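Structures are listed in the sections that come next.
Each of the two complexes below includes chain A, the first together with chain B, the second together with chain C.
Take a look at the complex of A and B:
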């Protein structure tokens, strides 16, 4: 059966995901070492150790994301996170930075290493380099690849692949995007945040609500209509005579229907985005996907998707998995 | 401190490429990186210009390296990358894929699309053969200073993005094609219509971004004109100037004059405002609250 890798932003979400059938949970410490460094989110050292014990007692794994790029002059903060993840009993760490991978291979050789999507390793040569140089055992593929390309990659590598199937969708190659810091000074790579709420401002202007990020208008919606969060790459902009969602519509990823194709492509693990999501949301999504991967493994048709409810009011896409998206 | 000219991000005609490098041979720059780093589909249209450009630049005493693509997914693109390593010229890697093809110990350069944010990464790349690293443009001055020091210790020259629209993102999707209601596979090379990229404004008319095929750049042109002293103090070895249309060799001469003390940074900045596409400058990644910020804005009133 394909491994279902589920997000947990809080200890409560971790327990909910494990109880809903997650095979593995990924989470991070409450600081800039992980790429979901949001206020009120993530784990203390104690909470992680408790979470690992809870998950292990129920046959689930815990993967710790230490996937930002350490700040020059401040590497010890990231090195401590690695050591503490190993001490807490983490089953693997998810890393993106070359220096941190080298440090882990040298100082924590027995700690299993997964390559974060933030490393954007998009072909067999890059993946094999990470495998050979740092003993990486699994790579989370960037969201720029089609299913056919994923299958081709799996034929040329010996490590496992993990792909995103549900939740937020980066339209840019991850780990290589500084749109957010251009507008706000804070970026995924350096600070673990994208389009941070601290830099969002809403203003009622005539019949419209303007949503701005770092002073740049990301979209305008009629007053009273639902206003999506102003994520930079999902904004509405103007270019020459055209106005619209030039990069991507405010959609989220749903590749449920592609689970059989991804299995045939040799994918080992399916990842659900959303460490910032509520415990109830996580439990519902996990339950639905667990049923789907079980059906797939048993050669049965996928169960009627219970996910429609979760994406209701918001469009979903299969993103780059379908070649026409490009 | 000296000057490096980076690879051209935009899709220009073969004739424009030829003229650009012929002129650049006379510009006061120490080295040039040439090659396609944004979209492999463009390469057949201008790759025949590369050997002549390399020869001309080398004859003019400039060091030359070939750039890899920044996003490599197709088999054809992997082959192109492997071929680069076999040319015998220095290679500038803009994706780790290229490293897979460079034998350990062979010297190479590292471009701004490789994430070098800290000393550990710099040292690992140096150990693998890196001799020159252009840092990611989003790094603040404090990080630049730490990395320049680490570079000196490891025998690596550290460069900073000195001039040009900032490469902010790269994608599997082509935004130029999308603006023309086409998919990437049927793009009909529409990015050639915008030799400095196509501007993307906010709904309030704020100048914001530029799309260039699969790449997204800043609308403002980053310039270190007002930061040269700070970068010199930090131990930065070179400024990277990124190609644009117009009098690019004149722009190179402007930076060279500031480095030589013949012109002030403020004078250069004032000149540049009239020379860069869109007319706006920024240096906020290095020292401001956000990348789009321009430290000269207050002085200019």
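Take a look at the complex of A and C:
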């Protein structure tokens, strides 16, 4: 059966994921070492140890995301996170930075290393280099590849691949996107936040909901229309008397029906996005995908997904897996 | 790109107009005292909430259940809740507005806060960081209003628990914590 890797932003969400059937849970510390550094979210050292014990007692694994890029002079913060993840009993760490991968291979050789989507490794040569140089055992592939491209990669590598199947959709190659920095001075790569809440403001203006990021208006959502996240890549802008979404509509990924194709392409693990989401989201999405991977393993028809109401745009897309660019 | 039609859930229940009107003449001072006492119990029973909130625990957040005749100004650090009329709203750092059922569903883990924002059931204004921190801290605390109220009621607890379960069935409001994955749709 393909491994189901599920998000947890809080200990309560971790427990909900385990009880809903997650094979593995990924989470991070409450600081800038992980790419979901949002207020009120993430784990203390004690909470991580308790979460690992809870998951292990029920046969699930815990993967710790330490997937931002250390600032020069501040490397000890990232090194401490690695050591503390190992002490807590983490089954693997998810890393993006070359220096951090080298540090882990040298100082924590028994700690399993996964390559984060933030590293944007999107071809066999890059993946094989990470595997040979740093002992990376699994690669989380960027959300810009088609199923055919994933199959081609898997034919030329000896490590596991993990792909996103549900949730918020980055339309850029992660780790290389600096759009958020232009409006706020902060980015997921360096600070662990895309569109940081400190720079987001909403206002009801007549019948519209205006969303501003760093003072720039990026959406005006009409009354009754679904509200999107305040990200620049899904902003709605006016230029030369035309108004529209430049990069991508505000929709979310749902690749449930592609699970058999992803299995045939050699994918080992399926990832659900959403560490910033509640335990209600985690429980419902994990339960739905656990049923889907079990059906796939048994050769049965996949259940119909009914998760779109939980997603941005309240509509689903298969993203780049079956992309036709406009 | 393939776009599937949206799957919608049943609309959130709104308080019946008559009930909302009946609550209008309620004196606000006793409402404030009762809600502050309840909030104090919740904060004392879940100290991790304040740690998660960090500096945001000092913010004044206006909880605005649009189907009630009053809004609630809350400061997590002091566990103070003040009921106030909408024509005399006090200064606040952030405002969250929506039907009472949305707040109760989010508090008990029955609905996802982002999904309620996407569907426009909840709107937020002001300090977005404080709102997110509060949402995340409450979600992690796994609060249960029925249990908190019933426990505080002492010998009247079992009867109150039954009454609240009945009120939940009739009103459609989420009044208890989601316990297992089977509780979610």
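Criterion: the second predicted complex is superposed on the first by the 301 of 326 C-alpha atoms of A that agree within 3 Å, B and C clash if a C-alpha of one lies under 4 Å from a C-alpha of the other, contacts with A are read in each partner's own complex, and residues count from 1 in each chain.
Please note the rule applied: a contact is a pair of C-beta atoms (placed from the backbone, for glycine too) under 8 Å apart; a residue touches a chain by one contact, two chains touch by 3 or more.
Please read these numbers as outputs of a predicted model, since none were measured by experiment.
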item	value
Touching partner for A:287 - first (chain B), second (chain C), both, neither	second
Touching partner for A:19 - first (chain B), second (chain C), both, neither	second
Contacts of A:183 with chain B and chain C, given as first, second, both or neither	first
A:171 touches, of chain B and chain C: first, second, both or neither?	first
Chain B versus chain C as contact partner of A:10, first or second or both or neither	second
Which of chain B and chain C A:130 touches, first, second, both or neither	first
Intersection of chain A interface sets (partners chain B, chain C)	323-324
Residues of chain C defined as touching chain A within the complex	1-9, 51-54, 56, 106, 109-115, 117-120, 123-126, 128-137, 139-142, 178, 180-181, 184-185
Residues of chain A defined as touching chain C within the complex	9-13, 16, 19-21, 38-41, 44, 196-198, 200-204, 209, 221, 223-228, 249, 251, 254, 276-281, 283-284, 287, 305-319, 322-324
In the complex with chain B, residue positions of chain A that touch it	69-75, 96-100, 102-103, 119-126, 128-130, 143-145, 149, 152, 171-173, 175-179, 181-185, 187, 189-190, 210, 214-220, 233, 235-240, 242-243, 246-248, 320, 323-326
Footprint of chain A on chain B - complex, ascending	70-75, 77-78, 81, 95-97, 99-101, 113, 115, 117-125, 136-139, 142-143, 146-147, 150, 166, 168-175, 177-179, 183-185, 198-206, 208-209, 211, 216, 218, 284-285, 288-292
